[in-house]
Every structure is written in structure tokens, then in C-alpha cells.
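Just below sit the structures, each encoded as C-alpha cells.
Across the two complexes that follow, subunit A remains constant while its partner is subunit B and subsequently subunit C.
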Partner chain A sequence: MADIPLVSPQPGIDRLARLRRSLFPTPLSGLVSLAGIALALWIGWALLQWVVVQAVFTGSAEDCRAASGACWAVVTARWRLMFFGLYPYEEHWRSALACFVLVATIVLSCLPVFWTALRIAVLWVASAALFLLLMRGGLFGLSLVGEEKWGGLTLSIFIFAGTALFGMPLAIALALLRRSTLPLVSKLAGGFIDTVRSLPLVTILFTVAVLLPILAPGLSGTKLMRVIFGMAIFFAAYQAEILRSGIQSLPVGQEEAAKALGLGYWQRMRKVILPQAFRRALPPTVSQFAISFKEVSLVIIIGIFDFLASGNAAYGSGEWAFAYVEVYVFMAFVNFIFVFSLSRYGAYLERRMRVGK
Partner chain B sequence: MTAAVTIDRLNKYYGTYHALQDVSLTVAEGEKVVICGPSGSGKSTLIRCINRLEEHQSGTIDVLGTVLDDNTAHIDHVRREVGMVFQNFNLFPHMTILENCALAPMLVRKVSRREAEATAMQYLERVRIPEQALKYPGELSGGQQQRVAIARSLCMKPRIMLFDEPTSALDPEMISEVLDVMVGLAQDGMTMICVTHEMGFARQVADKVVFMDHGRILETGTPAQFFGNPQHERTRNFLSQILAH
Partner chain C sequence: MLPTRKRKAFLIQTVLGLLLLIGGALLIRAILQSLEGQGISSGFGFLHRSTGWDVGFSLIEYTINDPYWKVILVGVLNTLFLGSIGLVLATVLGVLIGVLRTSANPVMAFLGTCYIEAIRNVPLILQAFFWYAVFTHLPPPKVAAEAGGIIILSSRGIFVPGLNVVPGAGLLAGGLLLAGLVLALILALWPGRNLRARELLPLMSRGALLGGIGLAVAVLLLARTPGETFLQFAELKGLNFRGGIRVSPEFAALLTAMSLYGGAFLGEIIRAGFMSVSRGQIEAAQALGLGGWQVFSRVRLPLALRAVLPTLTNQYVWLLKATTLGIAVGFSDFFLVISTAINQSGQTLELILILMGGFLIINNLLAAIMNFINRRIALRGSQLRI
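Right, the complex of A and B next:
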């Protein structure tokens, strides 16, 4: 045994040998492997042809029809509609800036430096104010743009951010209430969570957008605000249970030790229980965020002009009608960027927390 | 000597199970009491009642002049003065050793971070692990974690310390490092109530040994009486079992 080298002298050859062992262990497996590789190459080649080689990146719908590849010209021609919706054309820079403010705020909140109640609150209040100033205007010489004209990617991200911003504190509150030692309180919280979870999101959106103004005409708040509220409640019902599972999974000794040290209820929750519960609930929390991000596209049914609705409009105008595949591929790509970053961030957090930080 | 803890005819039920039956015990300030007994005898339950981790149904517990009842102000007051060390250490795994120790003084005693950390370092030195201050609990051995847990309790400057089987979850070679710290604490005059099976420790530091079985105190005596001349059959059985190996 002693003469087996610990490190192979030629790692390249070693890797080649391992590859051969795994792909061609028997003649039949080898054949299947070859067929699989050929298929993958063929698909890859066809995709490359469609996406890049034969594609049309700029030009008119006529140019697209002449080519056999993808018609990215539709994106070049209509990207402003997809990103900004019906927002006044000459004010698009405001929507772009507002979108940037939101994305930057989301990215900053992901950095551990901002993980104190005060910093995160200041960050979000400031960015919400800046967003509204830019989007809505009416101050400092910016013309007023009503909410009914907001749209596109900016609006989608705004709805998502609002959902998370109001949904997360609500989720924490519901999770803690459901764990209350007072039976009435925990039953009420449990009943609320179960009710919301038993309703489809579409129903909730219809209720807040259409029924609520009829049932309670005096109710304040714009349609957009009510929609964010509805989505936040929906998010909170699920996230509360995710958090509760994180709390339940902690050893009872953690809370007992905190009690024995004299910490009060809120101190125990804030410093000992919730930080650990969030860590344990991180993977499902990331999933819930991803789900909520994609669920924003449901607002299309109550007439809100989000990213998906804007995309539909981008190819829906006669001349580009044939290019719907390219528009959807592009929207899928933008969604992928957001959700993939989210999952990578989740993976980073898990690595970071492995030691206990 | 003034009484630190006075327990009078305490009864505790888990549902219909009668966990503590008319337990009465007085611990004077500066006194060291060791509680022993077979598992399920109620010894852990008894000391957990002293800082209200368990609620009792009848009888009274007076801790340093405060009677424990449903009044949360009383409970908070008692918990501030009573430290506790658990079998499973229960350090907060998401905080460094230093943060574990400084947390309660900052939150509960409203001490500044600087002062809390200085105090923490002082007690970490006392349990002889100041060099681990910036590590996380998961990076320490069981014995080290338990010493940190003791330091963490001491940072609150408690007047009474409760130990709930502090060495039971430790590997044998780590028991003595924890017991040494406890002996040092006893020599400094701390009021201590320890649930433990370490009879050597009981002989060395206890003023009083209490034997419990089936939720009752069967026998109380000085270590000399308790080990030299146990009165009860069950105490003799227990001692022969625990000292046999």
C-alpha cells in the first residue's frame, strides 16, 4: 500500500482516465454516452445559430422576417416599453433611476453591514422617499406622474420590494403570535394564517383591487398600495410558517439560557431566537422570495401594467406580433438574473453562517 | 446568616404527574448545597423552579427576599440575581464567546459595551480561556464551553448560582477543568445550589447534601453525615450504586 502516491503526478491524465471510466465503462454505456454527447452538441449548435449567428439584433420587423434566427430587434426596438410601461417617454430616465434606487437598496440590505434595525430602517425609508420622488414627481420641478402610468420592470420590482418590506415584519409578528402562550392569541394567528393560505393569490388580488373599493368606499390607499398590501399578507402567511419551523427547531435550552440570564421576551426574540431561526429557515426563505418575485406577474389580471404585461404589449402591436418567442425569452432571461442572484446570495449566506457568524 | 433561598412546601405537577411533593429547603447566603438523587427524582425540576424556568402550583419560593409568583417584575428581579449553568451549556451559537458573555449585562444591566466586554474578559480569564474570546461556541470543546457558560453567568454578577448537572454532558477528561472552576467559585463565597453526581465535589465543597427521590427530599445532612452515616435505605442504595465504580 505504501507505494501508492498520494498525489497523482499527472492530474490531466488522471482526469481523462476518470472521464473515460465514467462515460465508457461498457460498450453499451459508451454508445449511449456518444449518442447523448452528439445530441447535446446538435442542440447547442442549433441554439447558437438561432441565438447569435442567424439572429437580427437591430433593424425593422422586415429585416427579422428575412432572417432565420432570433429577432432580437424587437427587444432593441421595444425595450423601453418593457422596462417602463406607459410611463411618459421623455421622463423614462426617472423610472430608470427609480428602478436603480430600488435594486441598489435591495442589494445593500443584503450586506451584513446593514443588518441592524436602525440602519435597515434608515436605508429603506430614504430609498422609498427617493423612489416616490423620482417616480411620482410633483416636487422640485419634476412633473407629476400618476400611479396609473407606472409600469414595466420598475413597477414589478417596486411591487416585489413592497411585498417583502411589509410582508417580512408581518410574518415575524404572525410567527410569534402563533407561538403565544395565550390560547386565544395563538388560535387567532393560526386561523389567519390558515385562511390566507387556503386562498389563491388571484382571489386576494381581486378582493383588494376590485371588491374592497366597492365594499368599503371610504377606504384610503391607491390600487397599487392595496395590491402590495394583499401580496404582503399572502407572503406573510407562508413566511410566518417558515419562520415558525425555524423557531421550533431550536433547542429549548436556548430560550431557557436567555431567560436565566434575565433577558426579557423581546430581548430574547431579537438577540437569541430570531437570528438563529432565520439562519435555520434560510433555504425555504430564499424559495419564498423567489416565488413572490415571480408571483408579481399575476397582477396583470387586475390591470396593473407590470413587466409581463409590458412585454405582451411590446410584441402585441401588429408589426412585431411574430416575435413573441424572443420577447418571452428576454423576459425569462431578466427574471432568471434576479432569481438566480437570489439563490446565489442564499448560498453565500449559508457558507457564511456555517461557523456561526 | 441570612437566607438566600427559602422553599416552603413546594408542589409541582406535570399534568397529573406529581413532580415535587411538599419540598422544603433553606439555603443560607454563602452556603453550598449539593442535590443528588436518581434520575426522575425531581432535583432538576426543583432548581429550575428557583429561577422560574418551571412554574410551581403551590408552596412558596423566596429568593433574596422576593417571592416568586406570576408577577413578571418579581421573576425578572430574581433572574437578574440568580445565574444558571445547564447540562448542555446552551451557549448562543451565533455569537462569539465575548458576545455571549457581554450580551446580558448590556441588555439587562444597561452596561456600556466597553464595560461589559472588560468584565467578560475578566471572567474569561478567571475560567482560564481568555484566548478563546473571539471564537464561536462550536469551535470549543465541551469543557471549554461549560467554562464559558459559567463565565457568562458570572458576568451578570449574580448572588446565587444554580448548576443543573454541569458535568453530565462532558467527556470524562473534561470534567475536572469544570469542577476546578466551580471549586474556585465556592472558595470565593458564592451561594451555590448544584445538582450533580460528582460526589467528590460534594465532599470537597458542600455545606449540605440533599438527597431526593420520587419528588421528595428524603435526607439532608453535612457531607460527613451523608456519606458516613446515611439514614435511609434508598440513600444507601443510591450511594452504593454511584460510588461502586
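Right, the complex of A and C next:
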């Protein structure tokens, strides 16, 4: 072999040549590239004009009508409603802080330091308690704010966190039950999981929120608790299957070796099987969380005043009725930040684990 | 298993089974008692009572004097109607996005990525609300947005061209078309026992497809209203539009949201399918002298579809379940009809059972069809490693 230079002498020219090769390999492909670039530039320019240049950021509805761009003034005017719902105005700082606690908990859970059963459980239970203290009050001189006044983004994130908090243990239980050697137990768990998975979430929410109080008035908590319960069941059914596939992807030798060492069932599960299964199931688990976050928006259907509902209310009142596009774009953007970062994190985990193999 | 273990397992299961039976019986008794307390008699007799309320959208003729079973049928048909159109549109869009994302051209791949990331990270219900708001804020008829006079977007609704035929003929023609398609699919995938059958089945399949189309066209031509043009466009008459088919904003919003959202997810799935087709296959096809379109339609697409069919099945079932968002915008799908019926009749338990049973049947049917197709077209033997 003749000596091929490993490093190009002029990286700038090389990059340019590579760009030209990839964009204009043939005349036809070059034409397509040009058309695509033109389209992207045109969309980008139009968006820039609408979102920034021509937009109105503060002011009244009249200012907005005069301008041709987006009316972000509606967000500036109504952001408190969208974030905090009907929470008392003077106590908004509590709702904001409570929301921050939950978001911080979610972010902390992504750090490998917390990836032991004990630490993650302590973290979540502690932050849930802190959230309830801040949000509900009634202690340490904080005034009592009832659940019916909670709303907005804080409530949406609380429902998501509650779903994760109750759904995850339930998912572990369901996955283990489905793998039980007792046929009746595994059949029942399997039947339950498959039934829940084949039903739309809306019907489950409707059943727990609207019908449970009618059917069994005795045994139903507050509406919010029932909604979280329904969401958790739905999440658990899907997550249980993810965990089960994680468990089944482990070599049989792992369990057999643990048995040979004389470990009992719970020891085997706790020390050998579940930690490894969780590691393997981590990327799909993160994407299940992302899906679950999006599904929280469905609670509007059963009359929970969540982020989406408060957004509808933000433009619903006469004055800002024309600014519905801006409100929805803003809400989509907030959702996008959460879901996109979760899915990027999942992709990062997947890459990282592939390197480890 | 050791005898003691066997006995223990038997004991646990017996106790568990008994406990569940007793618990279930107690729960049902409690529910029945509480319903009785509210003056609601249980049983399915109410299905024959007339409803007394109307639905927003129906494919079959429906009046407020019709019984409950008919309104439920209306809901199921609406769900299937919305679901099937949505699935087709989402699939077309998904293939397009999948092709864009796997395109060698980086600009095209970038545009595809932008679309997917923008759409799939936003909840479907938010998108449905957005489109509903857009479709209910359209300009008045005088200044309606038009696409070449074919599609008209106005505050009076969205109008698309219709056919000048006797009412009901369209439904019949659609049914014939669908029957022909299904029969053709079954015949094409039916396992042929011997050579003769394997030669005949594709021909019969093609015959069924063409027969379905022919019959549908014949029905439409026979049923056309004499003296008027066959194709009928919506026209502005005074303050409203006449002719054509009016698409309600509820239906349009749900369909748009479902197709765009489903397209993004299906695009990702189909992209994964295209990626799984090895370069060797494409190079071999090129070496045999196949052109670009032939390589795509004869090699890349069939192999990709085979690879992703199981994942596609799950996504289809998911999309079909997403039609329940009808309740958010007020489209009379299966779920909205059931929940209205619960409000009106109070037959909670029975209607919930019908709802759950209906979804179980619809979803399992769809999954069974997809799995049947999957089994029939799956690659076998030495071809398995592509």
C-alpha cells in the first residue's frame, strides 16, 4: 500500500469537498438539495418573521391585532394561569417551588448515583412529601390550599410524578407475577396486563374518575388520587412488559447460578435479576416515561384543570380569543422541551450502554 | 418438583382463586346494590329502548327514536371510518417520511428529522385541540380559503367534491370496494397447496380486486342522479355553500392530528425497516440492472415492510385507540357515544362492558389480521438473514 495520509493536510478544503460530494453527487440530486435548502430557508425565514421580528411580546390585545406576527403578549399576560391554574395568586411562589421540586427530582433520577432501589425510593418519597407540604400547606404557617384549586403545569407534572411513583412498583409486581411458576398467578397477571394494554387510556381514566364514584361510592378517594391511580395502572401494564423483556433477555445461567449459591426467591430477584433487568430495560423505560408524560394531557377529558385545560382557558375569554395559535404553540413548546429532553436522554443511555458491551 | 412444593403451589393457587372469586362477587354485588339504590335496573334490556338524543356524525341513517344498539353501532362505524382513513393517510405519510429520513441527500434527511421531532414530542390531544381551533376559526364563506376550487375551507365547514348519486349508494360502493380489497388480500396470502392453486390464487386475487372496483363503479354509475354532473363541487350560493360533501371540523381536526402524528411514528418505524435492508441486497439489485424505482418498489420496500410488520401492528392498534380523542373535540366515536349513553341511561356497568368488549374485539381483530399477513409474507429458511 502506498502511504495514504491519515490526516488531510487542509481540513477546511476537505470538509468543503465532502459537503459538495454529499449535497451534489449528481445534477438531479444537486437540484433536489437546492430545492430542499430553499424550502428550509423559506420556512425558517417565515418562522423567524412570525416568531420574533413581527411579534408582539408585551402589551394589550389591541397591540397584537395591529401587528402581523405572533402575539406572545397573551403568554405574558396569562402565563400565571397556564402554569398555576386557579391556585391563589399570593401563594403562586409555593406552586412554582413545588413544581421545581418535582422537576429537580426527575432530573436527579437520571443521574446514575441514584440508581439503587433504596436511594431512588427515598428521593421520590421525600420529594413527594415536600411537594404535598408546599402545595397543600396547612403546616408551618402555610395556608391550606385544597386539591380543587391546584392546576396548570404544576398539576400536570404532579400527575406525571405520581404515575411514576405508584406505577413503577406496580410494574415490578406485575412483571414478577407474570413470570410466576404458578400457572393461575401468571395467567391472571397476564390477562390483566393484556386487557389494560388493549384498552385506550381515555376509557380507563373515564372509568376510575367518573364511574368509580357512581359504582362504589364507599371506596373512592379524591378525584385527583383516582386519576393518578388510573394512570399508574396503565403505565404499569406497559412498563411490566418492558421489565419482563428485560428479565427474559438475561442468560438463564444468572438465575441458575444464584439458585446454586442457595439464594432464596427474594434475594435472587433483589440482588441478581432485577438490577440487571433494569439496566437492560433502561432505554425503553425512558421512552415509556416520555410517552407517559404526553399522556398526562389526556386528563383534561375528565375535567382535571391541567396545563392543557388552563391553556384553553387562557385564550378562551373574549379578549384573547384570536390568539389561540400562540397559546397552543407555547404549550407545544413546553411539552416539547420535556419530552424531547427525555427522549434525547434515552438515546444517550442507549449509546452509552452499547459502548459498555 | 418436590411433593411438598407441589402441595404448597396447589394450596396457594386454590386459596388465591377462591379469594378472587369471592372478592369479585362481593364487588359486583356492591355495584349492583348501589345502582339499584339509584333506581337503575341492570341487564341489557335497555339496548332496545329508544335513545331520545342525536349524534353529531353518522354514516348510517339515525334518528332520535332509534334504539340504543343502533347508536352504539353508529359509534363503532364512526370509529372504524375515522380509524381506517387515518391509518391509510398516516401510512402514506409515514412511508414518505421514512424515505426522506433514509435519503442519501442530507438536506432531505434533515427536513424529515425536523418534521418527526416537531410532531412526535407534542401530545396528540394538544394537536387535536390545535387543529380544532384552526378549523373552527376559518374565514367566512365570502373570503374562504380554496385549493383550486376543489377543497374549500370556510367557517361554514370544509367542503370536498361529492358525487351526484342516490343517498346510500356511496356507502354501498365503499363496502363493495372494501370487500373486494379484503378478499383480494386473503386470496393473495392464502397458502397454495399445489402448483395449480399457486398459479390460480394470484389470478383470483386480482380478479377479486378488479371485481370489487368494477362493482363499486357500476353501483355509482347506476345510482347517479339523472340530469346532473357526476362530480359535484361545492359552490358559493348566497351566504353558504351548496353541493359537495361537508366535512365537520371535529372530524377534520381528528383526522389531521391523527395522520400527522401517526405519520411521524410510522415514519420512524419504516425508517428502521429501510435501515435493516442490507446494502448487499440493494447492490445486487443494481447489479441485475434494476432502475432506481424498481430497486425501491421491488427490493427495498418489500424487505423493509417485512422487517417492521410486527412493530407496525402495535402502532396501528395504538392509532385506532387514539380515535377515542373524539370526546375531546366532540366527534361521535364509539367512546363518546358510550359515555353519552351512560349519562343518559345510567346503565353504567353494561355500557362499560360493551365498551371494553368492543375495543378488545376491534384491536384483537386488527392484530390478528396483521399477524396473519406477517406470517404469510415472513421470509423463511436461508433467506432469514438479510
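The rule is simple: the second predicted complex is superposed on the first by the 344 of 357 C-alpha atoms of A that agree within 3 Å, B and C clash if a C-alpha of one lies under 4 Å from a C-alpha of the other, contacts with A are read in each partner's own complex, and residues count from 1 in each chain.
What we mean here is this: a contact is a pair of C-beta atoms (placed from the backbone, for glycine too) under 8 Å apart; a residue touches a chain by one contact, two chains touch by 3 or more.
These figures come from a predicted structure and were not determined experimentally.
Engineer: For A:16, select first, second, both or neither according to whether it touches subunit B, subunit C, the two together, or no partner.
Structural biologist: In the superposed model, A:16 contacts neither subunit B nor subunit C.
Engineer: With the two structures laid over each other on chain A, which partner does A:46 touch: subunit B (first), subunit C (second), both, or neither?
Structural biologist: The answer is neither, since A:46 touches no partner chain.
Engineer: Is A:126 touching the first partner subunit B, the second partner subunit C, both, or neither of them?
Structural biologist: After superposition on chain A, A:126 lies in contact with neither partner.
Engineer: For A:251, decide between first (touching subunit B), second (touching subunit C), both and neither.
Structural biologist: In the superposition, A:251 touches subunit B alone.
Engineer: In the overlay, work out which of subunit B or subunit C sits against more residues of subunit A.
Structural biologist: After superposing on chain A, more of subunit A is contacted by C.
Engineer: Scan A:264 for contacts with subunit B and subunit C and give back first, second, both or neither.
Structural biologist: first
Engineer: With the two structures laid over each other on chain A, which partner does A:331 touch: subunit B (first), subunit C (second), both, or neither?
Structural biologist: A:331 sits against subunit C, while subunit B stays out of touch.
Engineer: For A:279, select first, second, both or neither according to whether it touches subunit B, subunit C, the two together, or no partner.
Structural biologist: first
Engineer: In their shared complex, at which residues does subunit C touch subunit A?
Structural biologist: 9, 12-13, 16-17, 20, 27, 30-31, 34-35, 38, 104-108, 110-111, 114, 117-118, 121-127, 129-130, 133-134, 137, 317, 321-322, 324-325, 327-328, 335, 339, 342, 348-349, 352, 355-356, 359-360, 363-364
Engineer: Flag every residue of subunit B that touches subunit A in the complex, lowest number first.
Structural biologist: 51-53, 76, 79-80, 82-84, 86, 88, 90-95, 103-104, 107-108, 136-139, 149, 152-153, 156, 162
Engineer: Across the complex, what residues on subunit A touch subunit C?
Structural biologist: Touch list, subunit A to subunit C: 22-23, 25, 29, 32-33, 36-37, 39-40, 181-185, 188, 195, 198-203, 206-207, 210-211, 214-218, 294-298, 300-301, 308, 312, 322, 324-325, 328, 331-332, 335-336, 339-340, 343.
Engineer: For subunit A, which residues count as touching subunit B in their complex?
Structural biologist: Touch list, subunit A to subunit B: 251, 253-254, 256-264, 267, 271-272, 275-276, 279, 353, 355-357.
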